[in-house]
Each structure stands twice: as structure tokens, then as C-alpha cells.
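In the two complexes that follow, chain A is the common piece, with chain B as its partner first and chain C second.
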Partner chain A sequence: MNYGPLVFLAAFFALATSWCGFVLTPQLQIGRLPQAHTVGGAASTYPVARPGLAQQGMEVYRANGCAACHSQQVGQTGTVLEIALTEAGTNQPATIAALLTLAEGSTDHAPALSLLAPVPSAPSNSTNATILAGLPRAFLRSSTREAANAAIKTLDATSAKAQLWIVPVGPDLARGWGERRSVAEDYLFDRTVMPGSQRVGPDLANLGARLPDANWHLRHLYAPRLEVKGSVMPPYRFLFEKRKIKDRQSPEALALPGDLAPGDGYEIVPTQAAQALVAYLTDLHADAPLFNAPMTRPATAEATTSTNAPAAPGTASTNAAPTHAAAP
Partner chain B sequence: MSESSSPLEPSAASAGGPACCPIAPAEIDASCRLPLVVIFLCAAVWLVLGSAFELVASLKFHAPGFLADAAWLTYGRVRPAATNCLLYGFCMPAGLGVALWLLARLGRTRLAGPGLAAIGAGCWNLGVAAGVGGILAGGSTGFENLEMPSYAARLVFLGYLMIVVWAVLTFHHRRERRLFVSQWFLFVALFWFPWIGSTADLLLLTFRVRGIAQAVIAWWYTDNLLVVWLGLVGLGAVFYFVPKLTGRELQSRYLALLTFWMLILFGSWGGIPASAPVPAWLPVSSAVATGLGVVGVVAVALNVYGTLDGQCSKLMSHPSLQFIGFGVVAFVIGGLMSAAGALSEVSHVTQFTWFTVARGLVNSYGFFVMVMFGAIYYIVPQLVGLEFPSAKLVRAHFWTAAAGSLLVVVPLAAGGIVQGFKLQDANIPFSDVAHSTLPFLRASTTGDLLIALGHLMFLGNLAGLVVRYYRARAVSAWAAATAEIKPAEVSP
Partner chain C sequence: MSLEPQPPLPAAAEAEPQAGRIAVPVWLIVLLFLLLYWGMVYFDQHSGWFDPQVYAPYRSGAELALYQPPTGGPDLARGKVVFENVCGLCHGNDGAGKPGQAPPFIGSEWALGNPNHMIRIPLAGLAGPVEVKGQQYNLAMPAMGAALPDDDLAAVLTYIRQSWGNKASAITPAQVKAVRAEVGSRTQPWTADQLKAIQ
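Up next, the complex of A and B:
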């Protein structure tokens, strides 16, 4: 019996379903994705096309196989709700009392108490006026919407103002690799999408926001261990040029210490490829809040990084000024 | 069922087809000789080149500055060059060569168009050379397992078609109409690649789709090539050689067909990593299909075990069987690793780590390359009618390849698990995570060395055999040409 045609049809059917499932449908669903609108705050469209030099840099990134070691996709394990105090209000003793009550009810007291940092010795003596520094600041994490709303109501009753922040969490985000998970929109305008499958080096999805300094990147490409101690990244000196200083040193020349410095009368300058690559690396941003990956970006940068980091002195925003004045 | 369940040599009863004058196996082998010798010899050369690149890449984990100042030897170019040499230089052409021979032998017919198939093999190898050169020159496309620049990828594709058209014609002209299961696997593999290859070329290189859909298509292509194509060809060879070399019947045709169906229906739906920034249904359906694929893997294990009648020591009886037996074990382990990776608890830890690399190597090297070694060690002596110059070298190759692949895979898998757990703990700084994998990566270099040594043995033995055969032919042709002409022969 001749099963040849049957085998052919079977395979045709199997591959056709797979093709429809993993080629056609994704193309219909995400291949024609329009620009998204950001949510929260001032709405804008996302993403925007990269500048020309950064687009050239992406070609350098592709040609040298940077994606063999670096992924460009961050994940998150979930989101938590954070309650942030935005204004201390006029009735401060009541606010502080409410804060202390809320802190006692939560498992992690530190963030709430850190708002009352200047008088840590006597936090229980809530009637004493204290300084509420570094507002707006998140002070309480809550996993359910109900608990969060109840906390906000408690604070609202004291004339203070509180907000609910959506904060994505996960190990990638805790490493500072991003502020939310990567979504399909992030790659919309990339000519070649290189999400990467290996993390020999750190994830680069949000590198531009993390390390915006172009000179840092140039020095790091030339001699990785100069900037990152014990880095396993190979140096990319072929992206640089050693040349004789003619009249005066080029403003682009790398400032290199000790034995890395070229000989007298010479300088190390980045080539066009290195400049383009760095323009690309510093252009990597995947941090716009979107409908399908919501997050709240607070007004002050310091407050976003971590809720339990102590407020650095001098970061108090203008909101805190009246509080200072009210303190005796 | 009238289908044959054994690939054993022609029985008189098989004359269901138009077997007016059965073709002797030696005649079939002679028709396959030229293209197969070209294919296998070039494949062996790519294997050696590939392991050289792999060694360079591996040594960069001992000293990041090693060969770092030459652009073409930077890690991000050498690593894809190595994988492309292995995949497109060795795996696919070797698989095609074995498929050509099996289809001719099982169909009891001469290979159609041997000379043109050899030209196709030349076109293929030209494409691979252009591709590997292009990757080293910085022309990589940026898509994993599809790095060859489009001009090279098209040459490779053309070469594939030029070989496969003769395989299909051979299949069509078969004199044994009844199909053995291996033919199911091989025949389907033949046309699987043109579909996935043309899709990848058109949608990723020619008319680029936008955004992350590119990555989805690249993952789909990779999975269909590495899991389905390699699986189909490799298992086709396994189901032929295990019964053939043990002199037993394949235990169950139905189990083999179950494997076939599982592979083409579910294997083709894998490959989307759980972490992918795409709508959730894609990774989820991919994970479900990968998990279901384990049924086919278990069916292979049961089938081979049953065919051997539980006497696994039989695998050591023939050098080719050693390789193929190793390949079957690796196939089962790789299948179980993939199925485990489909669980989100596992993939959470193993994603982005060396574990995924180890899993890929178990499938592509431990399974497929080893099965191909076994098949080539059996086929080539049949083609030229000579034994390998050194039988000891064949056994030595087996042990270096087996030890080498274990020394690569085990450290990488272990290192990947350590890396994965550390990546999940954000309190461990990233540089500590990177450093914790280094001892494992450095250990795997010894495995790479052993593998490279084995490849040299393979190339030496194969080239020695081919040279010996053609020298003998040249000598006899020379002798015939210069032989004294006896007067009787010129008389009218």
C-alpha cells in the first residue's frame, strides 16, 4: 500500500497549523501593533523612533553579536500597590498618628517610620511634631486593593494626601534592570529585534536610563575592567583608534589611567562605530508606563528606586518645605 | 498491515512492486558514492572548523582579552560562527546524505541524479562558507540560528533544494512500495525545511515583519529546525540502524508512528521561551506542546529498548551502534530536559542561563551529531567497498566524543542551574553571578578540546578512506590506460 501521499498530507497539515499558530497569528496580533499611549501623567505616544546615530549603533550591536551575551527583555513576577504620602497636610499630629497606626499594622515598619526619620528615638510619642521628609514617598506596601484603599482613607481623614502607586516587582527589577516588564511595544521600531537568550552579561533593556553617561560607555567598551571591577566582558578596542596628537588633543579622546594610556603624543579616540554603538546603548529605554504594563512613576526620581532606602539628605522636594516650617 | 516492519535486506516476498530485476545493494551504493563522499567529507571539514571556533569562544572565558583585538574573532562573532558550522556545515548536510542513502536503500532503487546532487552539495557548502565568512566579517543577521547573511542563506537554501529534489525523485521511483517507518520520518523532513527556511528568509530578511514578531518567527524557525528537522532525520536513522545492526525487527511500528505524530504535531509548536515579551498565549501554548512532546520521547525509549530486547549491551557490539545508542540516550535525556523546562517553576530558574545551552547541545550534539557519526561510519565503507583505515580510531573517536560531550553538557547544565538561582536573588550582585559560572565554563573547555580531538580523528579517518579508494581507482585506471595492447585486441 502506498502511504506516500498520506504522509505528505499529514506533514503538510501539521506544519500548516504550526505556521498559522506561530507565524501568521503573531503577525496579525503584534506585527501590526500601533504606537501605544502611555498611561498616567502626561500622555504621550510610545515608542518613538531612535535617532539616526542610535540606529547605526544597533547595526554595530548586531554585527558584533552583543546579543550573544546580553538579553534585552526584563520580566516581573507581579505588581504590588504602594501607598505614597504626597502631602503631609495641615494636621500633622493626626497624620503621624495615622502613619504609626498603619506601620504597626504592616509587616515592614521601616518605610513608614523612615518618613519620621528625624525623631527615631521617640516614634511612639506621636503628638510631638516631626518632619515628614522627602515627599512624595511610598511608605506602605499592600497586596490588595481593599487594604490600600482603607489606608488611603485613614490618611485622607487627617487632611494629608496619599496616592496609590502601582509598582512592578521581581528580581530583574530589583537589580535595577528596568522599571516594568518588557512588552511587545518596546521593540516596535527596532529594525532587528534582538531580545537575546543569554545573560552572560546584564540585561540591557533599560540601559540608557540606568547608565546615561556616554563617556562611561566608551571607557567601558575600551577597557571593561576600568569601570566594572572583575568584568568578564571582552574589550572592544577595535572600535577605537590610536592616533598621533596633531595640534591639540581631540575632545573625544578617552581619559585613560596608568598603563592603559597611550604613549606620549598619542591619544585613543572612538571610531564612528563606537560613537554609534554608545548612542544606541544610551538610547535603550523601556520604561514608559503602558496600559498592559502599568506602573506609576513618581514625580521625584529618588522615590522610585526603592521604598526602603533611606532618604538622602537634601532630596526633600518642595512639598516638604511647609513641613519644615511647621516644625518647632 | 502490509507495511514492512524491518529494514533487513530484500526478502523474496517483497516483490509486491515491479521488481522485475532487483537491484543489488552494491549497485545502489555505487550510485550514491559521489554525492555522499562530497557531502560527508565537506561536513567533516566544517566540523573541525566549527570546533576550532568553539574553542576560541570557550577560551574567552579564561581570559576575556584573548584574541579580543581582532574584530572577526570577537566572542559575539566566533560563537555564532561555531554554531553555524555545526548546524549548517555538519548537521544538515550529513542528515541529507544519510537520508539520500536510506531512501535509495529502503526504496531498493538507485539514487536519482547523483552528479547533480553532488553539485547541489557544492552549492550548499559554498553557501555555508559565504555564511560563516559573512558572520565573521560582521554580516550576521542578528537572529539566533539564522545568523548567516541573506546572500549565503539563499545559496544554502538553493543547495538544499538541489539535493532534495533528487531525494524526492528517488523516493518516488522506489521499487519497494511498502514504506518502512524511517521513510516517513525522512520524507517529511525533506520538505519541512523548505517551508520553514523560506518563511524565515522572507519574513525576517526580505520583507521584515515589525517588532517582536521577528523574534517569534525566529524562535519558531529555530524550534522547527533543531527539534523537528533534526528529530525527524535523526530518528529516521535510528529506526533504521538499530534493527539493522542488531539483526532484530523494530519492536513496534505503531510506537514509531506515535513518535512521528507527536514530533510533527507538538514539536513544531515549541520554542517560545516563557520569558518572551509577547502575548501570554504564545509561551503558554509552546510550553504545553513541549510538555506533550515527552510522549514521543518515551515512545522512542520504549521502542529501542524493546527492539534490543532489554539487552542494552548489544549497543556496544558494533562501532556504529555505540554512537547511535549514545544518541538515543541523549535524545531521551534532552527530551526530558525540554519537558522539564516547560514547567514554569523550572523555566523561571533556567531562562537566560547556560542550562538552555546545555539542553540545546544534548539535542543537537549528543543526539543528532552522534547518530550521524554512527550512520556515516556504517555507510561510507559500504559506498567504497573498503574498511576504515583505522578501526581503533573509530573506537577512540567514540570515547572522546562521548566523554567530550559529557564534559561540556554536565558543567554547563550545573553552572546554568547555579547561575539561575543566583539571578533570581537580587541581593547577589550581578558580577558575582557572572563569576560563579566561570569555573563551570572553564571546565567545559576540556570537553570542547576532547570533542575537537574526536573531530580530527573523524576527518582523518574519513579522508584516509576516501583517498585510499580514489588512489586505488586511479592506479587501476592508470594501469588500464598504460597497459600493453595485445595485437589480438587491435585486429579487426
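Up next, the complex of A and C:
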């Protein structure tokens, strides 16, 4: 019996179906993705094309194989609805009473702050000020959008100003590697998308937002352990040039301490490639709130202490709860 | 009768082996159907119906919509863009106006006052003397806002009323629409006195 044609057809069908599913359909869906509009507050277009130097830096990034050790994709495990107060208002006892009622009253809300968890016995006016100090802060977590909206209405009625914060959560975000998950739009202007697959080093998707200092990057490329203790990154000294100082030191010369200093009469200056690479690194942003990755940025510009180091266990911030908020 | 071993029969080696048929066990069919059922349930819950907008932690477009930031309130960012394109040239991007040419918006009784007056000005323009913050201005303003859509005009007026320290109520597109209908196709610019007569 000759099963040859049947085996061929079966294999062809299997491969063709997966090709349609994994290649053709995504290409039809997001192959011609337009720029997106950011949501919430100031609407703007996202992403914008990289400046020319950063575009060149992408080639340097690619040529040096940075993507072998660094990923550019941030994961997210869930989203949490938080209710924050931005202004305490004039009737603070009523505001605190409303917060407590909301926190105890129903299963829709959980206190996000420990001071709301135990019931303070009849808070006097002096403690009111301390409870409501340091605004804006998140006080409650809501399980559904309707409950959150109702709670905000309740709090607004007590002359306070409440806001809804939509906070993406997940291990990557707890490490400070991003503010939300990565989506297709983030890579829209990347030719040769380099999402990376290994994380020998930290994720770089949102690097420009957490480390905007170009000089930091230059020193870090020249001597990684100068800036990050215990870094396993190799130094990229061939991107720099040791030059004899002619009249006076050039402005872009690296300030290097002690034994790294090039010696009297010499200076270490970054080459064009290093400048381009740093322009690319500081241009890496993935923090715009989009429809498909919604978030609200807390009103304060408080820079979260985001580092390159992986999150130490136990340093749980509000971002650290890797729970998926229950969908209604 | 010979005791010598017979050589193997050549006929058996020549016969082609046959693929036999055996029924698929019932348990395998049941298992396959259970897997199929589980797959469809998983698909229902996690596929987002292959919507390219739905990414992993969100399981459907409806769930994604629940997490959208509130869009309520005036769109001041849009108002700023419109303002700087349309109004800023004369009134200044900082809302301080130009002495002798265009009155300021900061603390202006016209900007903070009756919305019905304020909405009419960009719809048909304003000519003749007008007093703003104790200063006389006497130039004509064309109908800069007549061509703007209702929501853009509402956004820019709200931006004027709520920026640079101004704190007045927002103006909604519905208000603009209503006033635009009242104004109709008026081409003559208003005068300050005509506006003050309107409630």
C-alpha cells in the first residue's frame, strides 16, 4: 500500500495551518500597525520615531550583541485598581470615616495601607492630619471598576479629592523594569526588533526612563563595576578612545576615579559609536499608557527607587502583589 | 522419511506484510473529547477572540475596558494644542495677552464670567471697544472659532478658563452646540455691549 501522498498531504496541512496561525494571522492583524494614541490625561501619539543618533545606536546595540544578555520585553501578571486621595479636603474626619467604612463595609475594597486596616479608636483631629499626610497616596484597593467609581464618589462627597489609579503588577514591574507590560506598539519603529530572550542583565525596555543620565551610561559601558557593584557585564572599552590632552580636556572626557584614570596628560573619550549607543539606551521608553496596556501614572513624580538590580525578596512595594485582580 | 531439516519455505518470505486494523479504544476517544472540551473552555476564557488589542493579563476586550483610565473631565491637553494653534498668536501662549492688541485671559472677567458670553466671541468675533481688567482694547477679533468643531472649541475654552491660575467651570461641547445654534449664521462680530445684554 502506498501512503506517500496521504502522508505528504497530512504534513502539508499541519504545517500550513500553523503557518497561517502563527505567521499569516499576526501579520494581517498587526503587520501594518499604526501609531497609537495614549489614553488618560494628556493624549499624544505613541511611539515617536527615534532621533537619528539613537537610530545609529540601535545598530551599535545590535552589532555588539547586547540583545544576547538583555531583553526588551516586560511582563505583567495582573492589574490592580487603587483609590488614592490627592487632596484631603476640609472635612478630614468625614473623609477618614468614609475610608474606614469603605474598607470594612464591603468585600469590594481592601485597604492598601496598614493604617486603615486596624480601626483607630475615634481618631482625634491631630491624628487625622497624620493619617491624611503625604498625599497623593493610595488608600484602598477595589475589586471592580463599579465599586471603585462608587468609592470615589463617596470620597468626593466628603470634600476630599479621590482618584483612580490603575496599577499594573508583576515581578518585572516590581523590579522597576517598566510600568506596564510590553505591547506591539513599543517596537513599531524598531527595524530588527530585539526583544531578547535571556536576562543575564536587566531588562532594558524602559531603561531611558529609569536611568536618563548619559554620563552614567558612558561610565558604565567603560567600567560596569564602577556604577553597579557585582555587575557581570563585560567592559566595552573599545568604544572609547585614549587620547593625549592637547590644549585642555575635552568636555566629553570620562571622569574616572583612581586606577581607572588614564594617567597624566591623557583622557578617555567616547567614540561616535559609544555616543550613539548611549543615545539609543536613553531613548528606550516603554511607559506610555495605551489602550491595550492601560495604567495611570500616580500624580506625584516620585521616582520609584528603580535599580538595575533584581528585586530582593521581601522588598514588596505596592507593585509587588503578583495577583491577578479578580475580573467581574 | 528423512530426518534432515527442511530448508525454510521461500513462499513465506515473499509475502508482503499487511497492516492490520484494530479498533480505537473507547477510553482514548473519551480522553480526546475531554481534551477538546478543556481546550474550548480555555479558548473561551483566554483567547480574547484573537483580538490583537488584548494582551496576556487581560482575557477579553470587556475586561480590558474595565481597566481604562477615567476619561471624564475636560481634555485640557487638547485644549492647549488648539489654543496654541489658534489663539496663542495674538493672546500669547501664556494667556497674558498683548498690550494694546489682544486682552489677557489670566483673571479676565470675560474668560471667567458667563460662559454664554465667552462662547459667542470665537463663534462670530468681537469688534469695537472692550474693557478687560480695567484696560481698554479697541481692535477687531475675527471669528476664529467658527470653523472649529464643538468639542475642540469646548476644549480650548475650558483650557482658557482653567489654566494659568484661572479657575472657572468647564465648558462642555453640548453648551457650545447650543450657543452655536442660537448664533446661527451670524457674520457680524459682536460688540461688548451686545454680549453684555445676553444672559
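Definition applied: the second predicted complex is superposed on the first by the 245 of 328 C-alpha atoms of A that agree within 3 Å, B and C clash if a C-alpha of one lies under 4 Å from a C-alpha of the other, contacts with A are read in each partner's own complex, and residues count from 1 in each chain.
We take it that a residue touches a chain if its C-beta (ideal position, glycine included) is under 8 Å from a C-beta of that chain, and two chains touch if they have at least 3 such contacts.
Model, not experiment: these values are computed from the prediction.
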item	value
Chain C versus chain B on the shared chain A, clash or fit after superposition	fit
Which superposed partner A:181 touches (first chain B, second chain C, both, neither)	both
Which of chain B and chain C A:15 touches, first, second, both or neither	first
Touched partner set for A:63, first chain B, second chain C, both or neither	first
Partner chain(s) touched by A:29 [first = chain B, second = chain C, both, neither]	both
Partner chain in contact with A:224 - chain B first, chain C second, else both or neither	first
First, second, both or neither for A:44, with chain B first and chain C second	second
Partner chain in contact with A:191 - chain B first, chain C second, else both or neither	first
Comparing the two partners chain B and chain C, which touches a greater set of residues in chain A	B
Closest Cα approach, chain C to chain B, once both complexes are overlaid on chain A (Å)	5
Chain B/chain C common contact set on chain A	1, 26, 29-30, 75, 181, 183-184
Interfacial residue positions of chain B with respect to chain A in the complex	2-3, 60-61, 64-66, 68-71, 74-77, 79-80, 138-144, 147, 171-172, 177-179, 183-184, 187-188, 191-192, 195-196, 199, 203, 208-217, 219-220, 224, 261, 264-265, 268-269, 271-273, 275-279, 282, 285-286, 352-354, 356-357, 419, 423-426, 430-431, 434-435, 437-438
Parts of chain C lying in touch with chain A, wherever the complex brings them together	19, 50, 52-59, 63-64, 66-71, 75-78
Complex contact set, residues of chain A against chain C	1, 25-26, 29-30, 39-44, 75-79, 81, 144-145, 164, 166, 168, 170, 181, 183-184, 289, 291-296, 324, 327-328
Touching residues on chain A, where the partner in the complex is chain B	1-4, 7-8, 10-11, 14-15, 17-19, 21-23, 26-27, 29-33, 62-69, 71, 73, 75, 171, 174-175, 181-202, 224, 228-238
